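Take a look at the structures below.
Consider the two complexes below, in which chain A is the common component and chain B and chain C are the respective partners.
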Partner chain A sequence: MFAVGTGAILLLVTAIILFVVFYQKKMLQEQIHRQEMETAYQRKMLLATLESQENERSRISKELHDGIGVMIQSVLTNVQALGDRVEADVRHDITEAVTHTHQTLREISFDLMPASLERFGLIHALKELCTRLGKRGSVRLVYTGDDSLSGVSGEQQVLLYRIAQEAVNNAWRHSQATEITVEVRQSQGHLTLRVSDNGRGIPPEVQKQSSGLGLFNLRTRAEVLGATLEFTHLQPSGTGVHVQLATHG
Partner chain B sequence: MNPNLVHAFYGMLELIFVFFIYQRLFNNRPRTAVVIVVLVFLLAAAALNLLIGQGTNINSYSFTAQAFIYSVLAVVYFFYLLQHPPVVMIQQFPPFWFNVGVMVYFSGNLILFTLTHYLVHQLKNDLMIYWTFHNVLFLFGTGFMCLSLWMEYRLQKSR
Partner chain C sequence: MDKVNICLVDDHRLFRKAMTRLLSTFPRVGTLTEAENGKQCLEVLSRTPDIHLLLLDIEMPVMNGIDTAELVLKKFPDVKIIILTMHDSESYMEYLLDLGVHSFLFKSADPHELENAISAIADNGFFHTAPVQAMLKKITSNRPKRETLLQQHALTEREREILILICNDVPVKEIAERLSISEKTVHSHKSAIRTKLNLKSTIAMVRWAYQTGLVSGF
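So, the complex of A and B:
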């Protein structure tokens, strides 16, 4: 009698154990699925935010360049047309101030969204970035790499440009480098963007923090792109920012 | 020396250990004071059974009560695991196997302990089947507990 009872209880025990194992497995799978969905949703939201940010930048850049820029140009023409009605010194000062304002406006407009990026693509915009920043200071900026890209969408090019811009700005402002190199190479379904400098390098603790020096922006954009982002310490000195993206080209 | 006496004291010690192990498994709940109060009550009952109840015979009433309490604890712990799932698969979680061991041994022996008094008087000294059942379940229960310890050891080592 007790054998039957014990057998029944053991069967019940086995059933309970199996139920717990399978139920927990199912719950874990659902949890993983939910997390994946949340990550995908967050990525989508981030992409939408970045897109709207880029659209807004583009709009403001065009307004500055085509609206206020034209107005300033018109003021400049009028000042020059004043001729002898204004003293030459005063005219010269005004002309210089307006020219300087126009130049600054063009730089702000370019930083917001380079027209060349929308018109001619990433490579042209990076070359222009190097040329413009090279003129601003004592740092030598060089673009080396491919002259054309294939299989990279407009959104991807904008994100890659922003990563390169952030990396160049970081190196330019904080690394005390004398030379910054920007390189884009495409081969066998992979695009590689590399920004390297000969400065003092990023301390490892700053790299781990994911904040400061715009590193957070770099990581976020790389994540949205689905690209890998690596920081390397270069010998004898300097930092390399290395982005790798799978492409269809 | 009468082995039943040793067994009775062992049962009391086991009660203390199992209660505090489960308190840890339930993330230190209920509070230690509550656990101690319940333990004192149960130990007093076991002591009374030893002194004026079943005496130097097998203290089957105490063991039956303990087996019932441990089985309930094991079921509640499974429920707790489902409510607070560990980050890993449950089969890789050492306390899960400890609980399986407790459940297999004590639930399996619940009927056996309940009927001990009757069986001892009915079967007299022919308790072979009784001990066979008990020992096989004991082997399985201890085996699962050893598995739990081994997994915990491997986890500690990998950290």
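So, the complex of A and C:
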């Protein structure tokens, strides 16, 4: 009698333990599932935010370049057509001021969104970035790597361009580098983007910070892309920013 | 030709007005016609047969400069095309160059450059404008490839000589004088070079000369 009672209790306890374990496991699974959903949702939201940001940038860039740019150009051409009717030095000063304004406007427009990115894609835009930044200062910028891409969507190309732009700007502004290299290579379903400089490097504590030096932007965009992002110290000096992405090309 | 008749194709009225004002100060420029997009430009060309040269913008509504250039090159092969643009983008230039346009100028070009380019392109089909110069410089910095070097041998001594002179902005008339041949012979050499190298325009020939290292000059 006693043994039967003990057996029943034991059975009951085992059942309760099993139930609790099972319940906890299910809860945990649900929690993981919820977290996954949340992460996916956040990624979607982030992507939508970035996309609308890019659309806005593109709109303003075009408006500046094609709208205001043409009007400034018309002023300049009119001044040039004045010829000898205006004193040469006055004409020269007006021309210089208007030309400078125009140049600044074009730089802002390009930084916002290069026309070549939308029309000709990532590689062309990166080459142009190197040429243009090369003209703005004394740093040598070189593009090496593939001349074309396959299986990379327009959205992905814009995200990759922004990562490269941010990395190049960081190196250009903060690293005191004399040379910056941008490289894109695609092979066996992988795309690799590498930006290397010969500057003084990014201190590790800055790398870990979530803001500062635009590193946050780099991380966010790599995350949205589903790409890996790595910073490496180069020998004898410099920093390498390395992005890898799985592609269908 | 004595005077160069020009059609200015641009969608911005204020710019057209300013540019027409500037162009009319150049002694070499003859009649000036305006069109506000590619479609209008084609209409102008079909009813005005004596237009020699187009100053063509890229970004335009209705029909853009790229599509316009393509159609004009096909339908009116004698009309010279200078792309007059605000886009200082190499990608655009390379694309249009492959299409067969004759030259490029920035809207911000110095008036003297504009004037010289109009005359030279109308007469000789080529001129070193600033954007063309920049592109050629870039080509020269990428060293010649072996196969293109070998291609140089496709040309005769005389053809190479003429191509080098063209690259140096020597007018056709002067080339003829220097080599004691007729202008017509210079032109037939030019078209022989173009056919042999399978190129569409004089500027493409010049680009080839820089690519293969036939001309360096920087």
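Heads up, the rule we're going with is that the second predicted complex is superposed on the first by the 245 of 249 C-alpha atoms of A that agree within 3 Å, B and C clash if a C-alpha of one lies under 4 Å from a C-alpha of the other, contacts with A are read in each partner's own complex, and residues count from 1 in each chain.
The rule we apply is simple: a residue touches a chain if its C-beta (ideal position, glycine included) is under 8 Å from a C-beta of that chain, and two chains touch if they have at least 3 such contacts.
These numbers were taken from a predicted model, which means no experiment stands behind them.
Participant: Could you tell me whether chain B and chain C fit or clash when both sit on chain A in the superposition?
Facilitator: fit
Participant: Pick one for A:25: touches chain B only (first), chain C only (second), both, or neither.
Facilitator: A:25 sits against chain B, while chain C stays out of touch.
Participant: Using the superposition on chain A described above, determine whether A:105 touches chain B (first), chain C (second), both, or neither.
Facilitator: neither
Participant: More residues of chain A are touched by which partner: chain B or chain C?
Facilitator: Between chain B and chain C, C touches the greater number of residues in chain A.
Participant: Tell me which partner A:46 touches in the superposition: chain B (first), chain C (second), both or neither.
Facilitator: Neither partner.
Participant: Scan A:60 for contacts with chain B and chain C and give back first, second, both or neither.
Facilitator: A:60 sits against neither chain B nor chain C.
Participant: Quick one: classify A:94 as touching chain B (first), chain C (second), both or neither.
Facilitator: neither
Participant: Which partner chains sit in contact with A:81 here, chain B, chain C, both or neither? Use first/second/both/neither.
Facilitator: In the superposition, A:81 touches chain C alone.
Participant: For A:68, using the defined touch cut-off, is the partner it touches chain B, chain C, both, or neither? Pick first, second, both or neither.
Facilitator: It touches nothing on chain B or chain C.
Participant: Once both structures are aligned on chain A, how many angstrom separate the closest C-alpha atoms of chain B and chain C?
Facilitator: So the smallest C-alpha to C-alpha spacing between these two chains is 55 Å.
Participant: If you lay the two complexes on top of each other, which residues of chain A touch chain B in one and chain C in the other?
Facilitator: Shared contact residues on chain A (touching chain B in one complex, chain C in the other): none at all.
Participant: What does chain B use to touch chain A in their complex?
Facilitator: Against chain A, the touching part of chain B is residues 75, 78, 81-82, 85, 89-91, 96, 100, 103-104, 107-112, 115, 119, 129, 133, 137.
Participant: Write out the stretch or stretches of chain C touching chain A in their complex.
Facilitator: Per the stated touch rule, the residues are 12, 14-15, 17-19, 21-22, 25, 59, 86-92, 95, 107-108, 111.
Participant: Under the stated contact criterion, what part of chain A meets chain B in this complex?
Facilitator: The touching residues are 1-3, 5-6, 9-10, 12-13, 16-17, 20-21, 23-25, 27-28, 31.
Participant: In the complex formed with chain C, which residues of chain A make contact?
Facilitator: Touch list, chain A to chain C: 65-66, 69-71, 73-78, 80-81, 83, 99, 102, 106, 114-116, 119-120, 124, 127-128, 131.
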